[in-house]
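Order as written gives the chain letters A, B, C and D; numbering starts at 1 within each chain.
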Amino acid sequence: MIELLPPNLPYFASIALLLIGLYAMITKRNLIKKIMGLNIFSTSVLLFLIAMGYREGGAPPIEVEGVTHYVNPLPHALVLTGIVVALALTSFALILIINIYKEHKTLDSEKLTKL
Amino acid sequence: MNLSLHYPILLIVILFAGAYLTPLLGLWNKKICFPIAVLSTLISAVLSVVLLFSVLENNIVSYYVGGWEPPYGIELTIDPLSSFLSLVVAVIGFLAVVFSKNYVGHEISEKKQPAYYSLLQLIIGGMQGALMTGDLFNLFVMTEIFSISGYALVAITQKKGSLLASFRYLLLASIGTTFILFSTGFIYMLTGSLNMEDISNLLPLIDNPWVMYSGLVLLIIGFAIKSALFPLHTWLPDAHSIAPSPVSVLLSALVIKIGAYSIIRVVYTVFGERLSDGFGLIGVPLSWMASMAILVGSLYAIFQTDIKRMLAFSSIAHIGYILLGVSLASTLSLTGGIFHMLNHALGKACLFFCAGAIIYRTGIRNIADFAGLSSKMPITMAAFAIAASSLMGVPPASGFMSKFYLGLGAYQENWIFLAVILIGSLLSGIYFFKVLAIAYFSPIKEPDSKIRGPELPFSMLMPIVILAIASLAFGVLEDLPVTLIEQAVRLLLSN
Amino acid sequence: MINRIKNVMVIFVLATIGFVMSLAVLNMPEFADVNAPIHKHVAPRYMQMSYEETGVPNMVTAILADYRGYDTLGELTVIFAGGVAVLSITGRKKK
Amino acid sequence: MNPVIIRTITRVLVPFIQLFGLYIIVHGPVSPGGGFQGGVVVGSSMILVALAYGLDKAETMANHSYRIIMDCVGSLVYAGIGLIGIAAGGMFLQYGIIPLPFTPARINNLMIFLIGSAIGVHIMALVLSLFLHTAKEAEIDD
């Protein structure tokens, strides 16, 4: 069954996530939903990177005697950085949103543009 | 222990260490934050001067962080271009920190000053890191550092609307950084390497145009958002005009330049060997977008009533000049573009400092109320006039020389670009002369009432005067930067 | 009406991005391919040498803290900037 | 209302969560994990305290100054270890060259462990900080 799927499925999945996130960021009017979109969007890259590093029959990248083929460890390091960056961005954006709500009493981006 | 070897990394780490120390010591005494920031930025400025001499001698200085040789570890590569821009960043960053001393109390409560000075050092350190690095992923990390500090510095004021401006900046710019990370993934997938030098050697061997070009396009889009190129500029006017003036200086004079620098780095260094035949494909839309940016930015600037908003729109136009020079890809235009980076940095920094000084002393933001400012603040307005004439491209100031080079390069390519440069300069003449005419010749309506102090404090006057003199000096002694830039351009185009 | 036009434009932009990236993905080395360049160039060094060179069996930690330690310093600085950024906008006075 | 069940479970659970977090930090070099992951786990245990006992309790257990000190000291230790490499005559963040009576690989191992701990200290303070500030900001008015 799984052979019927296109071979680069994980990459397509990451592009689908990218488009979903971008769509939410552009069209959703609620600022929190925009940030959710941003999170989906940045997760798509993480999926892409982690899928990229996988190799057939690769073991987890921790030195074990007798194992010669590990998955590529570099993307894992990159993903860790990506997660941390997303954490910093999201927390800052959320606190920004709280303050925006306190100042303008709305989270609707269209109403906010009119101000 | 030979310290001179370590200047590139010390330059960056000192700023970061200062940023870590500032909140820590700020717990103990809020007054100590300013001296720390001045010290760290001053040391890094001195180091970047020394580094520039060493780069001029050796052409390229590299530094292997952690002692791992390039494709395995991270390499810092400092060529004349990055060293030159690093000096600009260091000097203007230092001046912005000095300018903050008296200004900051005016817009930011004392409780937040440790955070403010920490973020200032982080944003300067992030920019230095982005300039020095020779590693694609490290470029992303450094970009993220100065971006996050930038969002926070926009939101730090109490002014209404600052949060919203910061949020819009965050939303659009993080699309840009995610695209950058995506295309870093593409390029890593193709070559298996993250080192720029290594990638540029490997790319010509790889026959996979789709992945490569979409990676390049994504990178360019990402950095174009960072540098506010025309259709992606919507975050800039709000963010740059609402931020405190020293932050406007950093954002407008430096941060958007780092985007342009990164485009140069990616196009000419990473993809340099591969693109010798095919840059036209990407260069043509880029150059048209840059021309549109010149016209649209200048046109919008004419209709602004707020001085800082006007300067922000003018920045959109000037990033257009720079990227026009970059995208035309000839020696002349590239020289002009990079020279214009210097001139715009000096001129725009001076103008934003002047605007900050005017707001500090009189509280006026509206251009129509500028009447009589020439007699109230003669030095500031003189500096404003010099910097504005530099950005307009009036001959004695340095902006003329860079626009001259740009014009020559543009004429070789297509006369329309030359026309765009001329029209843009004319439009910038209109909006700058409007300000100067009101300040110098308009009759004073009311007797001056709420003016603070007899003259600006020294910490605010010094940056303004230094930058105004520099704008004039580089116009007369244009050999100095031009020889340096020509060396940089030769190196970039030699691939 | 304006919303309609905006929606159409958004979908057009997204479709363009999706189309270009899908074309890129179709041309990529296959998923989990052992011979992809990504597994050939830099990574083998980490797999074979990292235990000797860094004394750490976990390759991800070896890369994170040693080979690319400067990136991790940058990462630390990013989250530090996030923390300071949060500090900088808390406790705003209500207007 | 006094949420007895939640508070009791929290009181029992928090030390174990923190121990597990420290385990992840310390075992970073040999097993999946490291400073970031472990730091987040320890930080989340304090978030659990804040949720069960209220923000003030968490604030008194780890107040603002402590968190800033942990944050800054963690980062400074990292940068400082890098600078030791320069002082010992190597490159920034080069560990093997530091003059300690071990083999280079052993010194590397030690320094990676130290760096992991520094990151862990930094992150645990920061995660709690982010949560508390966001929560308080949302709480102040309305």
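List of remarks:
Here, contacts are C-beta pairs under 8 Å (C-beta built on N, C-alpha and C of every residue); 3 or more make two chains touch, one makes a residue touch a chain.
Please read these numbers as outputs of a predicted model, since none were measured by experiment.
Simply put, of A-B and B-C, more C-beta pairs touch at B-C. Work out the mean CA point of subunit A and of subunit B, and you get 29 Å between them. Centre-to-centre, using mean CA coordinates, subunit B is 25 Å away from subunit C.
Subunit B and subunit D have Cα centroids lying 35 Å from one another. Subunit A and subunit C have Cα centroids lying 9 Å from one another.
In subunit B, the residues that reach two or more other chains under the touch definition are 13, 16, 20, 23, 65-66, 137, 141, 144, 148, 151-152, 155, 160, 163, 188-189, 194.
Across the assembly, subunit A contributes 18, 22, 52, 62, 74, 80-81, 84-85, 88-89, 91-92, 95-96, 99, 102-103 as residues in contact with two or more other chains.
The set of subunit C residues that touch two or more partner chains comprises 21, 26, 28, 36, 38-39, 42-43, 46, 57-58, 60, 62, 64, 66, 68-75, 77-83, 85-87, 89-92, 94-95. Chain contacts here are complete: no pair of chains fails to touch.
Those residues of subunit D that touch subunit A in the shared complex are 30-32, 36, 130, 133-134, 137-138, 140-141. On the side of subunit B, the complex with subunit C involves touching residues 13, 16, 19-20, 23, 65-66, 68, 71-74, 109, 111-112, 115-116, 118-119, 122, 125-126, 129, 135, 137-138, 141-142, 144-145, 148-149, 151-153, 155-156, 158, 160, 163, 186, 188-194, 202, 206, 208, 210-211, 214-215, 217.
Of all the residues in subunit A, the ones that touch subunit B in their complex are 18, 22, 25, 31, 34, 38, 41-42, 44-45, 48-49, 52, 74-75, 78, 81-82, 85, 88-89, 92-93, 96-97, 99-100, 103-104, 112, 115. By the touch criterion given at the top, residues 52-58, 60-62, 64-66, 69-70, 72-73, 76-77, 79-80, 82-83, 86-87, 90-91, 94 of subunit C touch subunit D in their complex. Per the touch definition, subunit B reaches subunit A in the complex via residues 137, 141, 144, 148, 151-152, 155, 160-161, 163-164, 166-167, 170-171, 174-175, 177-178, 181-182, 184-185, 188-189, 194.
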